[in-house]
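First up is the structure itself, then whatever we jot down about it.
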Amino acid sequence: MIIVMRQGATDEQLVQVIGRVEASGFRPFVNPGVERKVVAVLGEVDTDKVQLADVFATMDGVERVQLISEPYKLASRHSHPEPTTFTLGLQPGVRPVTVGGDSLVVMAGPCSVENEAQIVGVARDVAAAGAAVLRGGAFKPRSSPHSFQGLGVEGLELLAAARAATGLPVVTEVLDPRDLDDVCRFADVLQIGARNMQNFALLRSVGERRHPVLLKRGPGARVSDFLLAAEYILAGGNHQVMLCERGIITFEDSTRYTTDINAIPVLKRQTHLPVVVDPSHATGDSEYVPAVALAGVAAGADGLIVEVHPDPPHALSDGKQSLRPERFATLMAQLARLAPVVGRSLAGQAVASAV
Amino acid sequence: MIIVMRQGATDEQLVQVIGRVEASGFRPFVNPGVERKVVAVLGEVDTDKVQLADVFATMDGVERVQLISEPYKLASRHSHPEPTTFTLGLQPGVRPVTVGGDSLVVMAGPCSVENEAQIVGVARDVAAAGAAVLRGGAFKPRSSPHSFQGLGVEGLELLAAARAATGLPVVTEVLDPRDLDDVCRFADVLQIGARNMQNFALLRSVGERRHPVLLKRGPGARVSDFLLAAEYILAGGNHQVMLCERGIITFEDSTRYTTDINAIPVLKRQTHLPVVVDPSHATGDSEYVPAVALAGVAAGADGLIVEVHPDPPHALSDGKQSLRPERFATLMAQLARLAPVVGRSLAGQAVASAV
Amino acid sequence: MIIVMRQGATDEQLVQVIGRVEASGFRPFVNPGVERKVVAVLGEVDTDKVQLADVFATMDGVERVQLISEPYKLASRHSHPEPTTFTLGLQPGVRPVTVGGDSLVVMAGPCSVENEAQIVGVARDVAAAGAAVLRGGAFKPRSSPHSFQGLGVEGLELLAAARAATGLPVVTEVLDPRDLDDVCRFADVLQIGARNMQNFALLRSVGERRHPVLLKRGPGARVSDFLLAAEYILAGGNHQVMLCERGIITFEDSTRYTTDINAIPVLKRQTHLPVVVDPSHATGDSEYVPAVALAGVAAGADGLIVEVHPDPPHALSDGKQSLRPERFATLMAQLARLAPVVGRSLAGQAVASAV
Amino acid sequence: MIIVMRQGATDEQLVQVIGRVEASGFRPFVNPGVERKVVAVLGEVDTDKVQLADVFATMDGVERVQLISEPYKLASRHSHPEPTTFTLGLQPGVRPVTVGGDSLVVMAGPCSVENEAQIVGVARDVAAAGAAVLRGGAFKPRSSPHSFQGLGVEGLELLAAARAATGLPVVTEVLDPRDLDDVCRFADVLQIGARNMQNFALLRSVGERRHPVLLKRGPGARVSDFLLAAEYILAGGNHQVMLCERGIITFEDSTRYTTDINAIPVLKRQTHLPVVVDPSHATGDSEYVPAVALAGVAAGADGLIVEVHPDPPHALSDGKQSLRPERFATLMAQLARLAPVVGRSLAGQAVASAV
């Protein structure tokens, strides 16, 4: 941590800052600056540096305080240089798939589970095309209280039926800590939605479980906020966290969100956790989904999560951004050719040919 | 709702759209366009128009769909032309204050409740300066799991003690639906924090209560998302909702957030709910708080919520953005002179002189 | 400047950085860090520190480089602690007005000069209401090449006629260095529009003149970019620069831009140059202009620039955001009452009563 | 165009609007709305619809006005369904290359031309690796007036020397309309930089020439603003315009800008002009350039423009984001394998093997 004093800060103010640094258990190191003095804060103390930086920033004569190391320890590559890999679907009757390694993992399915025919049908379609995981929403976070809110536990049961029919592990969103027992009973992967990325009560509850987690980036969250949110889950002892870029909110209005494609190599550098891209939410338009899916993989993502619906105009939610199964299959074929260019292979391909 | 067809859309596609409009119970009305055909969707059907718009947007030949009326009904000025007013602190030993009317309501206090001396002392200071409501956090949403997370129920008890000592009603944040009983037992106003603005499980739980609510705008939320979040609470039957602008996330990095000052007149026009400004979080720097507090009131806000701490450099959170009590008192004096310029009077002033 | 080395940077990399610092004429000062080493760059050398920081940032083993002092010297409060004031309209037949001091300076007029009756009429209206400067566009920067582009030199002549009729100094935009002679001949203040804030050829040309300048912030420019743009003009020897906040581009879409109200106290702290607010462009809607005008002054602005048109629905540009003269007069009356609350008086008021 | 009336708009207001529509030469078509009336504006009149929309928006009783067709005609795919292709380097001694077709065109070179050895050396390196165009700045737009501003005409001469040595056509930036004769004399492609995207004087000047243009997107410009800027050049009769996505300004601060990867398929749909990506400026960090270069091509870009410097730590500008020649060569090899996955081939490859 570095404390930059204001121009014209008095010696007394500097002495106060030095005293406070020492009182916190660190060693101050004053740099002789011409325009402004700078105090480096040295030492290894087990304390909350973000909070401490805020304390120093408040003192008289201090211009600003800059952290030198990241505030997230567990999610950082520095604490864990090797990429984290973990396996989804470790239970009988499910085809396990490993994320974070050389395989490119594609998760696909409808926004909402609507009925058994729909979810089992889509599951078969995406499995045949080479998807490795089935997605589908049972509890839906909707901007409007007047919109369809999902089938709830019934939806979870239908997802389980689709899993039984295809062998695909299932990822589904949990919105409320009180639903966690139910969701854990049925799902292979717990999704934390973008709007709940900083719902710390939920993050903490999920951190206490040992289910793999798909954490979506909030549309207004910086990469550093995103990694701190993951840190909440890791801090609870749950280390199986995938990070999902799904678009940020910007001034551009030709698409629903702006895919932060830069975030893919940034995250791969800053953290050891697997990174996936959701081109459906990040664009909001099925016409742009294939291009952005390819871009995500080219940029180094470990996987994708894509909305697929057999009849988008009749979907109960997100029809506009859903691919039809045949368009998804074409995309998968293109991804299979792209994967080796970036040193990967497509996870579900062998499976696909076996189906 | 208006459906804009693509240039070159076929007659068959148009017929499909018309059929779908009719099937939804609305009347289609085709405009003879030169470049593109446009279908107006007419009628009054009790359905989710946001979802319906998404359905139409997905159909072949459709360029885009535009909603003509707002997706929030209960929060809209059209459904409720008169401003909503309600009274905080309706219980023995508390000085009630009405928000949404001619009074300018200032809420003030520390970010976190730290101990009895601190919270009672600040409560006395802000009451003496003319604040009408005491703020203080017992459950703290912190970006990092390693930061101080608040005193919890003990903090609620200390807030109640400060209320008993000053007569100020108390506003405090609730993070988890499972804490709601506790918070309702102690607090006069339930705060939904910015990071939980779209935590729909929490919004719904709060909507079932009859406690007044202070809903903070998410840093990545548009005004329309903000009003839809309020709609969740209103839809539960809880009509006592204040909206709080507390800064949005933008590219500007000289302050923590960007106060969306335009949102004050926009909200006052679009909704009947009271609107307050939080200049502390919106700037992140106590040096800028007074200017933005004055600006908020000049722009038409019904109130302010301001962080005040007796010793900012020793605060357990948000010291950088907290005013010292004496600086707060100076601001209140300036607000008292500003209020009549915008047709208001300061709510706590009579009280203040009586203390 | 501070150079933060990567975790695990080698001694050899550190030696390379130290050598490069010395070769640049500065003294390196290595902080013994536990996680990362930090090199402070000390000394006073007349060089481009922004460029130098970029050089160091490129070296092997360097994590990042942080500037400690601002890259703008001439615009900085540190180089010039007293506020800059200067007088507009120093020529016979014009009523001079001083900006940057205790007076609140309101500039008003139509977006575009359309014809003599319009501009002289508006000039009389705004003068009567207490405006101190007349605004009006002769060269118009329009997003579309198919939009009205202004009257050009004829417009400048009409502005001069309106000035002769009212005594108000005139501010008008210059778009092209090749028009500068013409604009300087007619105008009292040269406006650099938001879209040209980083048109360095134009900034440099204007810096060579001795006309006062109104520099508008680009909608995508940070405060620091804005001050660097001013620095271009100051570096040419032209020290009479007013800075104009006119809204930034954000995700919020209920108004055309987002007024960065925080930027007012930020700019007042970081620079000695006068700061004005343009609520017309910053909101894009005349309904919101008065609220944001009041907010700007409450936040500490030295003045305002407001669009006024006698018949907005028939304006050739920006009708939607123009106030009618009577609404402007009401706003001026309110500003006259607000000004003393923030320690100012309205510049044109005495004049107004004399007209 | 569609005019949405306010709820509660009077019949008289509606009649006024209808009258104004007719007076503009269009036919009004009133939709019988339940909540709000809507007036469709029909007909084909050669007028500025953006301006007209603004006029209607200003009228009493009007809620808002929505354009149905794009404000850019010449740049729109609707006016020109086939992709535009054109050839750079049509002069003796230069190897011509066609953009907008099946070839993937990579432009590469240093940010600034520094001296003959540097520019000729880099030109040879990038040609050997398969680049088809040489980039290099002679006139540099720098945020600070104290930074290196480029070699000017001398830089242009050195670019010409590098072209002579390699046969690569040259793209270089023009900042000032007064430099256009010089730049046209030496360069094959005129670059309009991001900061000048809405420098309409410059756009118009370039529109009068018949040189191919590379137009960079402004960091605060929406896709629609970008296409309107291109429209300025097309309106002058110069139809050889390439559009370059180079990152937009957002709240994310882990990279210099945010690459708007969604914009690639959006632009390819909305316009017939070729689209290229600049991963160097869009990330600001050479470590992220290869990932984003690959992503851009995967998303459908017609080409790339990449900064390459033989010794980044000694570059006079933008060293941090420049690739070393060997890293660039590796990227080119990967691009050669990626190109067929998206139906393209790398333009300079045959050349490369011949060198």
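Things worth noting here:
We just call them A, B, C and D in the order they show up, numbering each chain from 1.
What we mean here is this: a contact is a pair of C-beta atoms (placed from the backbone, for glycine too) under 8 Å apart; a residue touches a chain by one contact, two chains touch by 3 or more.
Fair warning: this is a prediction, and the values are worked out from it, not measured in the lab.
Listed by label, the chains that touch subunit B and also subunit D are A, C. In this entry, C-D is the pair from B-D, A-C or C-D that repeats the interface of A-B, since more than half of their contact pairs coincide by residue number. Between the Cα centres of subunit C and subunit D there is a gap of 27 Å.
For the pair subunit A and subunit C, the distance between C-alpha centroids works out to 40 Å.
Inter-chain centre distance (subunit B to subunit C, centres taken as mean C-alpha positions): 32 Å.
Within subunit B, contacts with two or more other chains are made by residues 220, 222, 248-251, 253. Contact residues on subunit D toward subunit C in their complex (touch as defined above): 20, 48, 50-51, 54-55, 57-60, 71-73, 141-148, 175-178, 195-196, 198-202, 204, 218-222, 225, 228, 231-232, 235, 248-249, 286, 312-320, 322. Considering their complex, residues 220, 222-224, 248, 250-255, 257-266, 269-270, 282-283, 287-288, 291-292, 294-300, 334, 337-338, 341-342 of subunit A touch subunit D. Note for the complex: subunit C touches subunit A at residues 2, 4, 7, 29, 31-36, 38, 40, 42-44, 66, 68-69, 78, 249-251, 253.
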